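Have a look at these structures, which come just after this line.
Look for chain A in each of the two complexes below; its partner is chain B in the first and chain C in the second.
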Partner chain A sequence: MNDQSIIQTFGLTRYFGGKCALDQVSFMVPRGCVFAMLGRNGSGKSTLIQMLTGLIEPTRGRAEIFGVDSSKLTPAVRGRIGYVPEGHPLPGFLRVRDLHAFQKSFYSTWNDKLFRAIIDHFSLGLTQRAGQLSRGQRAGLALALAMAPQPELLVMDDPSLGLDPVARRTLLEAMILNTRGSGNTTFFTSHELADVERVADHVAILDRSALRVCCSLETLRQRVKRLVITLNGTAPAELPHIPGLLQATRHGAELSLIVANITDDARRAIAGLSPNITEAPLTLEDAAIGYLSDRRQTFSLLDAVHTDAEAT
Partner chain B sequence: MMRAFIVKELRENARWALLGAGVLSAWLAISLYSQRDGLSLVASDFQLAMLAGFLISGAALGLAQILTDTRRGRWGFIANRPLSAGRIFVAKLLAGLGLYYAATTIALLVITLLAMNTRFVRAPFSASMLVPAIYYQLAGVVGLTIGLLIGSRRAAWIGSRVFPCIAGVMVLGAALYVAIYFSEAVAITLAGAGLIALAAKAYFSHNGQYEPQRPWIKPLQVIIVGAGAAAVIALAVNVSTEVLQTLSGAAPGYRMDQYVLDRNGNAFRYRVTDRNTMEYADLPGNLLSEAESERVQRELMPLAYVPLADPSDSNVPRGYRQHYGDVFTVSDRYLRPMIAPHRPAVLNSDGTAWTYVSARRRLEGINIDGDFVGSIGLDGFHPPGEDARPITGKVLPGWDRQWLTTSDTVYRFNQARRTLETLYEVSPPERIIGAWQFEKNSPPSAPGDIGTEDARAFSGPRTDYLAVLTPGKLNVRGHDGTSFAVDVPNDPQIMASIGGGVDGRFYLKMSRYEGSVHRTDVRVLDARGQLISRIEYPPQPIVLPPWGLAQLPMSLAIPPVAYLIPRSEERAGVMQLQHIIAAVAAFVTTICLIIWVCLRYGFERSATITWSVLGALFGITALLTLWCVRLRPARVKCPSCGRRRVVTRQRCEHCDAEFPAPVQPDIEIFDQPLRAA
Partner chain C sequence: MAFEIRILPGSAAPIFRQIVDQVRLAATTGQLRSGEQLPSVRALAERLLINPNTVARAYSELASDGVIESQPGRGAFVSASRQIYTRPERLRRIEPLVNALITEGLSLGFAVEELTDAIRARAAQVRGKQS
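On to the complex of A and B.
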């Protein structure tokens, strides 16, 4: 294991039947960061997390956590990992206090104060049964149970799914609390790109089972650009080949291109469309959507609807 | 840490256990109430109901324990903690055992209370009657482990999930039908449950954490699933054979031929066919008409079956010892040594039931309310508070009627007088091996000393004669003054039976297998044991008819290893050429299929060889097992050679090409240190 990495994967691949859910994914997660894994539904995020935590077996390749093969995680290594599964499933018949006592008995590093603070924040009563909690409260309880042992690595599978803005904010604060100053690492998946931008310092993007991006947020901002082109006259029926083109959207005479890794070839191809080119600011959300959307799409859906309406 | 898990399991599954206790209590209460013979907890039907109830309860609890925790998502919460999956399983097993015993003990208490209530069950109750129930409760632990295994195992195809049930049936079959001694039955049950639990633990660990397993675990899992596969194939062969027999209209084969005697001493051939029908024929082999068959069946001479060998003789094979039923067996007599002394020997018209109590070596009686009414020893009846003189000599097991046999005396229990009457006795060093009763070869006379209808049904046939076996001699005594002794061989291979009594004639029939024939001879004796005549009937060849079309499924499915077991052609039947061709074709096809499946699954060479050898030994059972135990890997089109390749292999098995990396260099962004090699 690299001293600086907590997670390493080597050509990690998983099939479900004949469908490839994850295709030869290799990456590293540095120690002490908040690492966000992005991707559309079905892109393989949850599959990746389940393989990382040794819950399912890779079809090919392998993953290491703390330098240990994830399919052979020892109880000691598992004790260093906190895991919040997707949907926050908990034994519904047990009360909050039972779950607290149950979970606490496994960890010598259990922080009762932290547990109480989190469940108070989510307005949880100790006598409530887990099955009767609201989605947000259940998320809070799952988070408290995963964080109170103060794990070196906190893995969360779409923890903000279905949470209201206040609960989401609390979750983000918890992530920051887990990481900052303690050297702990947080690895999570999410669809809330604004949240990711707020807390993550590293990001990876899974696109149709393959890993396309794995870098710091800063690098992503530097390497992905939005270029706005004002077209003269009619728009071309088809765009020329632009290396690194992620998305092209036309709004009237304006053509907006999101391009990664701009090369001289790309610049020449874009300049052939129009000399009026300006670089516009780009958020993480724009960049991520650029990766996640269909790259053959040239016009936005709204634009297509308007065009159809005008034609009729 | 395990303690926390046990507590969690207990809390979470207590409701299922409570529900199970309620359902099981209701089921057992209904079964107990519906017993017709008034035998209470030791009635055979009720014992079957108990076995089924305990097994299903255990299996349901085991399944519930696993399935609640292995659902998608929940397993992540359960498995990700500093406790190995193996220990989680052990915690589940311990909690499951606790819950199972709590729930089933509630049910047992309920039926015990009901059994003690004579308004609910007519028969008297004795606490010892609970002994078989306690064994069946233990048998339910096998069900619990099977439930845990079925829940933990990932089945390759729908239906194969329940295959391990057969392993449970095998364990209980061994305990109830192979074990001779009660302790053996308990040991077999515990060992079987332990092995199934080990296999289940390995499956459970494999579901999440991949703990290293001992090398013999995998073969154990294959055996457990393979037993189910074999059962499915056997069922398919049986059903298809029946269908083909019916469709082809072929004459039935036979399983057994023997000579039977009617009340006049005339012999007939009696045959049980392989379709479980019975045929009567005269000595030349002509089938009797239906009416004549019914007459013969109605007027069969009552014969007492007399095992000729001493079961305590160490040279007598184990199977024979069990067959005699005169040693402690837990087989078809349902824990007989434990129960038999507590069965009501005779329910008399005064409502008392008498039973031999080995601890005090005397008969003890209870009334219908279960109150102790007194004891009977060698000096007769004594009321409560007085001690009867203990019975001397070794009491031979198997006493459950009005007879009591010791190694030196045969007693008859006279209920009217409440005394033990000596019917036969020997002086040392002579000893009694066994005693049997038979009725006179004549229409039944008035019932003897049997009181109630239940008791009459229970106490068996009327007894006019007593046959006592001592080493090398069969001694016959009768109410009519008959008394003689005949020399008999001490040979467990001989099936002997004795009957008669009409016109002072007795018939001693002895049958034995000699090579490929079954020989029978009957000695006709007078009332003093003198030989009047000896009739040797034509030997019956043990030749099964040649295999017909109906045996085709059998020839396809029979495991090749079966041919390695020496067996006479006469016993096995004659395979016709087409069956031999079918068997060879099935063998070759199976091997080819196994190799093809191994290649398709992308097995290593060693695994392919192992499965091929198993296929060569066990035929299609091995093939079906292979399909059940190994999950089929997906196959996709190879971008290099275009043929379909398994996804689990790094390189294509056809062209050796690797899977191409899904690279799109134009758009990929990786911080160099982050990209793993």
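On to the complex of A and C.
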């Protein structure tokens, strides 16, 4: 690995039986960043995390953490990684203080003050049993157990899933807190785009097992454009080929195109549709949904919508 | 009222741009006085619950635009002089706002004179606040 990367993957691929869960994913997570992995359910995010942390083996390719092959992580290397698994599973019969003592025994870098601060913040008592906690409290406990060793790399699989707004906010606070240590890196998956926009500086998008995007949040916003075209007269039955087109939506005479890495060719193809083109503001959500939706698959939708509009 | 930055994720303007625009406006209207200190990058990031790099990016743009000055070890302060753009650049920057005013104003049935009167009246108010 180079000095700047904490995670690096090389053509990481995983099959479950005949089904491809992750297809040749290569990317790099720089030191000190907050990296968000986006993707729909079933796009391969959890499979990726399980391979990064060495819980499952890749079918092909490999992953490195701190320059060490993920399938050969030693306890010393694991000690530098904090992991919050999806759904925050914890043994229900154990009390908070037992889990605390158990986890603490593995780490020389354990910070008790930090642990207490996080469980206090989530209103957790030391004598409560993990099985009796609310979802938000369980998330808080999983987070405290992962963060108290002050890991150089914090890996979280969909940490905000199912959290109420207050717990979600506390999670955000903890993630910002984690950036206080210079050089601390956070890698997380999420569907909460507003949270991603707040805390992440790098973003990647997995779509149907393949990596579609991996760049800074700012680059993503600059790369993806939304153009609104006012069609005059009859609409074309089919859109011409537009390189980089992610999504086309039509409302009446207005056609909205979300296009990535727009080229002169793309601009020419769009200009052929109508002279009336304006560039419209685009939110992070628009950009992400552009990549994640299935709509770019077919433009027969245009016809359908067109017919509807005429009928009314 | 004290100047407070508020951000809204999920809007078309990136968060760093929202910060830049609010600080710039506050410095122009006198809500932030020259020499006034801005919160540190870390403090503002923790208050707004956003990545510190986003605040740093906003501050560096504000500094390169001359709106604020970063003094190493001391923090960021609102600059005294804010006139750093060429005239064509300044015209380019107000053009979309002028367009919006004209479009909205005329479509609401105002005469151009009424719009300029409204601008003068508001400018007098803003100046009054600054002095």
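To be clear about the criterion, the second predicted complex is superposed on the first by the 293 of 312 C-alpha atoms of A that agree within 3 Å, B and C clash if a C-alpha of one lies under 4 Å from a C-alpha of the other, contacts with A are read in each partner's own complex, and residues count from 1 in each chain.
Quick note on the criterion: contacts are C-beta pairs under 8 Å (C-beta built on N, C-alpha and C of every residue); 3 or more make two chains touch, one makes a residue touch a chain.
Note that the structure is a prediction, hence the values are computed from the model and not measured.
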item	value
Clash or fit, chain B versus chain C on superposed chain A	fit
Of chain B and chain C, the chain that contacts the larger number of chain A residues	B
Centroid geometry (CA): angle chain B/chain A/chain C, rounded to a multiple of 10 degrees	160
Touching partner for A:Arg267 - first (chain B), second (chain C), both, neither	neither
Partner chain(s) touched by A:Asp201 [first = chain B, second = chain C, both, neither]	second
First, second, both or neither for A:Glu285, with chain B first and chain C second	second
Which of chain B and chain C A:Arg221 touches, first, second, both or neither	second
Chain B versus chain C as contact partner of A:Phe106, first or second or both or neither	first
Partner chain in contact with A:Arg129 - chain B first, chain C second, else both or neither	neither
Partner chain(s) touched by A:Leu193 [first = chain B, second = chain C, both, neither]	second
Touching partner for A:His121 - first (chain B), second (chain C), both, neither	neither
Minimal inter-chain CA distance - chain C and chain B, angstrom	17
Intersection of chain A interface sets (partners chain B, chain C)	none
In the complex with chain C, residue positions of chain A that touch it	34, 169, 172-173, 176-177, 179-180, 193-195, 197-201, 217-218, 221, 281-285
In the complex, chain B residues that touch chain A	1, 3-5, 7-8, 11-12, 15, 68, 71-77, 79-84, 87, 208-210, 212, 633-636, 647-650, 659, 661-662, 664, 666-671, 673-677
Of all residues in chain A, those that touch chain B in their complex	4, 8-10, 13, 15-20, 23-24, 26-30, 50, 53-55, 57, 59-60, 71-76, 78-79, 81, 83, 85-87, 89-91, 93-94, 98, 101-103, 105-107, 142, 157, 202, 209-210, 212-216, 219-220, 223-224, 243-246, 260-261, 291
In the complex, chain C residues that touch chain A	9-16, 42, 45-46, 48-54, 57
